[in-house]
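One chain, chain A, appears in both complexes that follow, with chain B as partner in the first and chain C in the second.
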Partner chain A sequence: MSTLKPFSKIPELNSANVLLVENEEQFQKKLADVIVNAEKDVSVGVRLARRLPLPVENEETRPCIDLVVFIINLSFERSFQSVELSLKYVDPGFFLGKVCFLVTGARCWSVSSDRLQSVRKLATSLRCPLLYAEDQTVEGVNTAAARLLRVLKVTAGLTPWATGLSLSTLTRCTLSSDLEGDFD
Partner chain B sequence: MDETTRTVLQRVVRKVPATRLREVLRTWGRVPARQLDLLDFSTSKFVLFEDVRSLCEVNSNRLTLKHVCELEMIYFIGNPAQGVWRACHLTEPDDDVMTVELRQFKEQFKARLTELISNVSVKIKKHDDEAVWIRIAWGDHFHRPNQLKPTYVVHHLQTPYVFVYNLSTKHKPLLYQALVLATRHGSMKDSHLSGKSLTSIRDFLMRSYQQAFPTKYARPLQEKNTAPTNPNIEKEHAEQEEKRLQLACEAFGEGNVPRLETATYKLETRYRGSGNETLNNREEPFRALIKFSSANLLVSLNHCVSAGMAETPVTPLLSSITQKGKNYFVITDKGSGNSSQSMVQKK
Partner chain C sequence: MSKTMSKSHNVSEAESCIHGAANRSSRRSERRRADVEDPFGRALEYFSQVKAGTPVKGNDALENNLVLVERVALGRGLPPGAVATLLDFALSLRLGSSVCSRVLKFLIPASAVPQDSVVRGVSWFCMGKMPVSAQILFLRWILTMFDLIDSKDQLRSIYGFIFSFVTDEVLSPYVCHLLYLLTTKEHVQPFRVRKLLEVQAKMGRQPPLTQLLALYKVLCPEMIAISMPSKTRGGFKNHNLPWKTALAAVLKKNKTAEAPSPPLSLDIKEKASTRKRKLHHLEVPQLSCGPEIESSRGKAVHLQQLRSFAQLLQNLDNIELPAQMGSLLSSSLALHYLDCVHDESALLRLNFWLGSVLHEEFLFCSRDGNPENSTEPSQFLDICLSLPQECFSSSEFFLFKFLAMWDGSLHQPQILSLLSDIPPLPVSRMKMFLFEPLQQLYFTSSVFFKCGVIECLRSMLWKWLTWHFVQTSHKELDVSLSSSRTMNLHMSEFLELVTELVQYVGRLASAGLQLENYHILLHHQTLNFYELVCDVYLKFNLPLFLLPPSGVIFPSLLATDPVTVDRLGYVIFRYRQNLMSAKEHKQQKKEPSFHISRDVFREFNLLMVAVVSCLWISKDCQVDVGTDVHKALVPLRTMLSYCKNYNLIHHPAFLNYAIEFHQKCWPEQTNVDLSSIQGKKYWYWYLEFLFSQGFDGLKDFIQNNMDHQSTPVGGH
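Up next, the complex of A and B:
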């Protein structure tokens, strides 16, 4: 079992690859379909994983990953725990703008706000952007896919004058001042 | 027509949906078909009952309770999914168990039951699919049999399975004893299986549903009915997903599985967690009742496992539903298997 490294593979021309990690494997399938069909100019590859580390057998066929998206469904306790465990297998190089978190189910009534708060703390401590998505409706999936695609194009170097690191610096998750005291 | 017959007839007419009533009455055969066609089944049940009653009185001048019970049975055999059916198991068969035939069984059963309890009315009818249906109305020394709350028993001759509907604990030993003697078995015990659909329980117990068996090799491609996927989408854990699906099918069957509604676990185990002193050092066991319920439990559990919500390999607590053919379990403290319920996060 190896860690996922950002520069172990040579990037291909006009292609971008995103890795969607979700323990429940529901939302990632919907997202993947939309992402693949939405982009026509460049070839976008989507890898779906349940958790990290990724199987060693696929090492050869796996392309250079430009963006890792951790999808957290707030309805499930285990969703967050699984992501926390998976983070250990991500190379520090990825955190320079090639990781983002996607939260679903935040609108659900029964979900306690503590869960969302801990996700925000996690994203803040890793200096990563945190996106929110609605997974039940088609428009929600489309919007989330469009956002991810835009971020992916930047991190894959397909957008002129922008890099993943600069974008991430601008969009990274921040906490309000009273909570931020815990980290600094 | 006496009072009881009247009440039972009224009850049947009320219970049977108006759309089915014509068919049921026709099968019964006490009222000529021509007169049945003239009946208006769209009126209220009260008027309908009066019509049916007058028709019965005109055509068969001595309509007895027996006939009305038969009518009720005809409806019940056609629509057995009305309440909770329990399965029982006959054990310790005698040597001549295979020689039991219907006529003999009828006589024996009636004789044995009337020996045990004086006021009881029994009606036995054979259905097309080789099942013997028994309707028992129980009474006691001072009361006549209560025809309004009958017990139904379904037994397939030469099999060890008995299905019981609406049996009170008071009458349980009587019925068991009569059945054991009539079918030439040594004893009879509860199978701890219950459900709303009789056919489902029967299929489940006799294992007549599609099952998957462990194989060393992956299944041939044509069996997997997967939708075509985009070549740009690659699953990293495809093998594991396949394996989970296989394990789920092995544990809970695949395709059209029998409908079970509930699975109940009664825990009488000791708490073995850390950090909770009040629960940890208790003398008596920690009692709890865990109930899973769903419209179709086996499908739900299958989905739980194949979607990865429950851990694989499937815990024996869940897989023993199909393996042992039970849906009520008592788990006592023998060391293994406690607290495994936490494995299933949500159902």
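Up next, the complex of A and C:
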């Protein structure tokens, strides 16, 4: 039981590591495959976890994590709760630009808008970016992977002129009031 | 309600009188069948004559006849006479409600539904004997078949009877929908409005009721004082599920049986022949109509019947719109007609229809739907894009919702073009619903998406400016192009909005350029945007001068690509022209309202000094970046030495031109010394040489800003 720390490991040259946390383990596998295959220039490592904290056994071999992605499937109530619990095991240093949320199933008719709103509230309060993804189509998975990779390369310091914190400031989620009530 | 057509032996006559020539082939086959003692005719006779109270259970004759008629109905549809007979039989409840709903469910007309039979059905309905489920089924049947009812004048004359059911909680949604389709201006009466408001107070704001009220308000605005929500979520539901597939199949079959006449309308979309999706009804309904219409107010004409433009012009006042407003989308002729007649109620209906379809299809997808089949939704969005009405408020509402959960790639081209159609809205709303979500997408997406966004915002700005220009310069003209997108912004609000948009793009561009390592495509897209912005005063008569931020100017100035520098030169040149003419205008007219801030001139002069000293003077380079960077942060001494390398000769973008020029001047010299070009004579030759390479922007910039006698300082 230990918190995940951003600077506890020394980063390696030309490498970036992303940690995908998803309770349902449906989307992270697909995403990981695409991310690993898409990047050719630097070595990208993808670590998968159902929840935090990560087990202590692998502590030694685990590389320096550059980005933590929490995947929330809105179709499942449990998904959001699990992420909320996991967040406690993330070091505050990560929230300076190294955490982002990925939401799937937002357009699903069975999803109540309250659930989406609570995810938005969470991301806003933590000042993190909130990305939406279409997990059902190949194109949707590719897009999500490309976007994550883009963020990852920034947080890993592989993009000149940009840092994770600056990108996160530009893209962090903002809480808009409900469209329904406000629009009339 | 007088005429009945229940006798089976005169089915063919009754049909021909209603049907005319439209379906001659089926008439002929009917007669042939009658000759050979057809079982279908006998079945109909049975239904018209069967006595009330006949036992249903174990009644083989009934069962056989039902099966026979059902087979015919689902196979090729029922002729009008048969529809009348069966409807009368079913609604009279002679054999109970279960038989009634069974008959209703297969009551698929082959071509048309006689109005009399529907009126008769409504009279059965009004008797109050029918169970609620049968009543609902009947109403849904009417709503589905509405376009096939041959005329509606008698239905309209019993409007009051139908209206009385509005208070019924269960029936109300269906009744409202039916009334919505029937309502004309004469029907809107104070007592009805009062009733509806009463019902609304009792049952809350239900979408069907609200929409009926909204239609009333459009038809008679003076009668309804309460404000209507301009966007109602969800519209009328489609009630056609039990009949949809069968009806479509029958209509299609009959259509191919007839010789197809060439339609006047340009069909945008070919109907997909195979459909597997169940929940979705994204297809644009076909324009369909009853065969012939006689109405009390003269002859009404369906759009579908028009064959030529001359015909359209003749019947311009008598055109009857179909019940399914969505079907108009498939015909550009119909859309242009709508645009030209300014039919508020029709636009309102189309708006509602569009809103509910977009909402259901794109925001409420089912998880188990067929996700790979994405061509259909994008085709539908294409149709939305091609509307001459540009942006309906419902599609704007949908866009904002969709944008908040967009992944940036789904239907990207369509969504971006639809976004550019958004009319000017108050700044706070724009910021919240467009700028914020778009920014979050922009910075995490690829450079091509970034270019797409900048282009989309450019085209949006261009549309706003054009619209504003037309509105202000032709005050005498009525330019409320379509009332659904009236711009209710004051001039000051509009200026504020444009300023906000330009500054927003400035932020996106400068940070985006940095993130993308000054990608050349993004550079050009950005300069494209500023080519529009710099000319706002001269081209659109809007006194607004917004300079690009340093994050755009300096990367463009120091770009390695000559075209970027050239375009920057053009942009600065146009800014100068605009400022100069604004200044002249101010001095001539002395209008108090016309005010240009001194800061604009100061900022522009700083920009000019920076650019000129970089490209021209090279030695006394005083790059003053304005107040953006603290003096202590810029090591001025070291910068000065580099600045020399950015004059037109040593600039990385023009280096190869300089070398080429050098080789032309001194062909025998192998040792290239570029500083020798800086001599007075050669310098001007070099400029001429550059201009001859097509750098017109640079030419405009230099010729208008430089004293021709001056030479770059630091020459020989």
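Quick note on the criterion: the second predicted complex is superposed on the first by the 176 of 184 C-alpha atoms of A that agree within 3 Å, B and C clash if a C-alpha of one lies under 4 Å from a C-alpha of the other, contacts with A are read in each partner's own complex, and residues count from 1 in each chain.
Throughout what follows, contacts are C-beta pairs under 8 Å (C-beta built on N, C-alpha and C of every residue); 3 or more make two chains touch, one makes a residue touch a chain.
These figures come from a predicted structure and were not determined experimentally.
Novice: Given the superposition on chain A, are chain B and chain C in a clash or a fit?
Specialist: fit
Novice: Which holds for A:A49: it touches chain B only (first), chain C only (second), both, or neither?
Specialist: A:A49 contacts chain B only, not chain C.
Novice: For A:D33, decide between first (touching chain B), second (touching chain C), both and neither.
Specialist: A:D33 contacts chain B only, not chain C.
Novice: Could you tell me if A:C128 is touching chain B, chain C, both of them or neither one (first, second, both, neither)?
Specialist: In the superposition, A:C128 contacts neither chain B nor chain C.
Novice: Between chain B and chain C, whom does A:V18 touch in the aligned arrangement: first, second, both, or neither?
Specialist: Touch partners of A:V18: none, neither chain B nor chain C.
Novice: One more residue to check, A:I71. First (chain B), second (chain C), both or neither?
Specialist: Neither partner.
Novice: Regarding the shared-chain residue A:V99, is it in contact with chain B (first), chain C (second), both, or neither?
Specialist: So A:V99 meets neither chain B nor chain C here.
Novice: On the A-aligned overlay, A:V90 touches which partner chain: chain B = first, chain C = second, or both, or neither?
Specialist: neither
Novice: Applying the document's definition of touching, compare chain B and chain C: which contacts more of chain A?
Specialist: Tallying touched residues of chain A, the top partner is C.
Novice: Can you report the least C-alpha distance between chain B and chain C in the superposed arrangement, rounded to whole Å?
Specialist: Scanning every C-alpha pair, the shortest chain B to chain C distance is 14 Å.
Novice: So in the complex, the part of chain B that touches chain A is made up of which residues?
Specialist: 230, 232-237, 239-241, 307-309, 345-346
Novice: Please give the residue numbers of chain A that touch chain C in the complex, ascending.
Specialist: 75, 103, 105-110, 116, 129-134, 136-137, 139-140, 142-144, 146-147, 150-151, 154, 159-162, 167, 170-174, 176-177, 179-180, 182-184
Novice: So in the complex, the part of chain A that touches chain B is made up of which residues?
Specialist: 19, 23-26, 32-33, 36-37, 43-50, 54-55, 58, 61-62, 76-78
Novice: Quick check on the complex: what are the chain C residues that touch chain A?
Specialist: For chain C paired with chain A, touching residues are 229-231, 233, 362-367, 371-372, 374, 397, 400-401, 404-410, 429, 432-433, 436-437, 439-440, 443-446, 511, 514-515, 517.
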